[in-house]
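See the structures that follow.
Paired with subunit B in one complex and with subunit C in the other, subunit A is shared by the two complexes that follow.
And now, the complex of A and B:
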């Protein structure tokens, strides 16, 4: 999880300490709708997972994203 | 689901006319996003550059130039055209509509129809269906112009629209045909989502007031006016990802169409990531998903004819017909989907308006 959060922090340009698995979409200005797409694309790339397009809008927290990596 | 059937119509050609100016996203958006975020956004949307008009040029000018080129190259006489239809949500004026000016500039007879269809990104399917019914009704050629000057309504400091939206004008010529091809259309409308993609001021409900021209700052740091396009990117994405993908899937199911029977899936070029994911969801191989957004950005409903003009010559099958599935989706909220044929003997080209 820590490595995942570090990866996300780098994309969002934030400190690891300011993020957790409970961080929610739009709770921070850095994670807006365009960044949501960026996160999906980067996570799919790095962790070789596929997040189906119709499930992307249901992802609300970093923990939700992490769930796809753990599948 | 209602499926509308058209037969006896073919596309004689499609020409897109790009505006004068190419804008590189990296330079144009450098003040909007930190450098790393901008790189990620460009990578994820797949849109590196966009074409936009110079002030004073409109999509109608571009569409008329595209149409002149198309009529010349297909040796079509203006007097043989029975109707001029413009699909646009950015007409030159609220009144009159765009089509009469196109009719006059192109020399199309006065005793003919000319009207606009005021639709955003789903508009090309509407235009094609209505134009086809008129081809059948008149047994004459019909000119369908599709284009938007989105840059006139995009705030340069709005994070959700600037990196993707562009301008273009296109012309599609339709004519009666005795071939056996049958086109199928279906439409989806959900006005409950009208707030997620709109221009708040400037219509009769909210005529522009002086303070609508002031820039307001929003939570995400974007600044825009009430006369600019507002897009809730997440809700629009959700609509495409869930409603549109399901609707297109159902359309294929109703017609017993499988991805291997389709040579080209031509979606509205919302952004490259969405198109790729939509194609995947519908089980199309990526090379069947026609693209142009990486080169030209998202110009609204005309992204479909632009994409056809950009790809058609490269993709002809042995039979000379490209069985195509087109789908536009966006403001309204609204979806159009159609199974059409693109023929080898049609004329397809992209031109650009001169000037910098």
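And now, the complex of A and C:
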């Protein structure tokens, strides 16, 4: 989880300490709808997972993203 | 205030690209997307932003998705692009060619219609670029082809955000755009210095001999041969080539002459240093002989020790990275050409450059046989052809203002677009001179930009190619332009010398030509001269021709 958060922090340009698995979509200015797509793409690329597009709108927290990696 | 903004126009959502570029650049954010046509035809919109650079990246698929009349649509788009160019005449605009994803389902034996549209677009865009000096090609298609469509496009990004390409694609685009932005403020290099062993061929000539070095049509030797072919292409674009190698000169000359797979021949190089001196001292000697600044050189060598030694001894010289795997050497040459020898449009002089440097050595020979310098110069039968800059010469003049360092009084750098803007004022003149002699044509080598106000003229820029320095051509040219101005009723002329690290050769030029220093401030010297006054030190050796 720690490594995943570090990866996300780098993409968002934030400190690891300011993020957790409960951080919510659009709760921080860095994570807007556009960044949401970037995160989908970067996570898919790094962890070799597929996130179907109809599920993308249901992803609300970093923990939700992490769920795809753990599957 | 100087214009800093860069605009990215598109028919798809490139917000991610905008953000990537914003890290290092002042990008103007356009609200919404697919706004490019509005910005192309609405002059006021652009005037408010005052961009310094415009990129127009178009995705072919949405552009032609539902179109039945292809040629009509093509014409419309070209008309918008042309409008964009003419609305912003002083702004460089990079327009993409287009790639169209072959998404439509068609009969297996039919030729895909997308291919034809892409070609037609390319043809039409080429014409468009030729007509508008501020338009340049952004080769989007090659970027996509090199990465592969499957990696460049992303269905997910498209359906969720109308963003056609993947993050990888975005990164490539931003890399390419950043390079173009950087190249705008950078001077083009002039000489590529090449090592020989394990750089132009595989192996060590001194040990393996002519027969033993790797250079062939197959296997590893082919990588070196391909690299040589790329280098030869660079030379065709006006880049000067030189050799600096630790080898016996005799052995090297034999390879250049006799090796069946050598693409590069002796005549392709302006200087060949094959000896055992430190490479840095060879490079310094070469800079001196070719009369070029040290920052005109790029150095390619496989040996990291040699690279580091040159880097330390002459920090002005760019030391290129050498690939770990020789298989990538031809690609590295392409990258070097993009990074250091970029040129949007070539002038006639570029194509003839190697020949001109070779003519220079013939002239040196005549000089050795002449009694006085004036005799020598007269014997060259120099013709100075003066005229106001024509449309066809804009690129060359822009290039000269950007590249000339030594004989340059004010070092005013102008892009083609800025020259057009300067000339659009009726009180401004851009005088140029073409120079030729019995050995050949040096082309357009002298530029004097003059603005007039009432009966006073001011020299705004004055420069001459170092190729023809030392022949008193400037005396003839300036004298003759002064006469021309007098005929127009000008009585006084002002000039300026702004010192740089390189323009020492002309530090006293205006004094010698009869200009009186009025004052100096921060080393900048202001001069004035009453036209027609006697000036003994001028050496008018040639009869100018006005055309």
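Going forward, the second predicted complex is superposed on the first by the 71 of 71 C-alpha atoms of A that agree within 3 Å, B and C clash if a C-alpha of one lies under 4 Å from a C-alpha of the other, contacts with A are read in each partner's own complex, and residues count from 1 in each chain.
Methods note: a contact is a pair of C-beta atoms (placed from the backbone, for glycine too) under 8 Å apart; a residue touches a chain by one contact, two chains touch by 3 or more.
Note that this is a predicted model, so its numbers are computed, not measured.
Student: Should subunit B and subunit C be called a clash or a fit once both complexes are overlaid on subunit A?
Tutor: By the criteria stated at the top, subunit C and subunit B clash after superposition.
Student: Have a look at where A:41 lands relative to subunit B and subunit C in the superposition and call it first, second, both or neither.
Tutor: both
Student: Quick one: name whichever of subunit B and subunit C touches more residues of subunit A.
Tutor: For subunit A, the partner with the higher number of touched residues is B.
Student: Is A:16 touching anything from subunit B or subunit C once the two structures are fitted on A? First, second, both or neither.
Tutor: It touches nothing on subunit B or subunit C.
Student: Using the touch definition from the top, say if A:53 reaches subunit B (first), subunit C (second), both or neither.
Tutor: Both subunit B and subunit C are touched by A:53.
Student: Touching A:29, do we find subunit B (first), subunit C (second), both, or neither?
Tutor: In the superposition, A:29 contacts subunit B only.
Student: Superposition on A: which subunit B stretch among 98-106, 134-142, 152-160 or 188-196 collides with subunit C?
Tutor: With chain A aligned, subunit B clashes with subunit C through residues 152-160.
Student: Could you list which residues of subunit A make contact with subunit B in one structure and with subunit C in the other?
Tutor: Overlap of subunit B and subunit C footprints on subunit A: residues 33-34, 37-38, 40-42, 53, 56.
Student: In their complex, what parts of subunit C are in touch with subunit A?
Tutor: 15-16, 19, 154, 156-157, 159-161, 163, 166-168
Student: Which residues, counting only subunit B, touch subunit A once they are in their complex?
Tutor: 34, 36-37, 40-41, 43-45, 159-160, 163, 219-221, 232-234, 237-238, 240-242, 245-246, 271, 273-274, 277-278, 280-281
Student: Can you list the residues on subunit A that touch subunit C in the complex?
Tutor: 33-34, 37-38, 40-42, 45, 53, 56
Student: Provide the residue numbers of subunit A that touch subunit B in the complex, in ascending order.
Tutor: 10-13, 25-26, 29-30, 32-38, 40-42, 50, 52-54, 56-57
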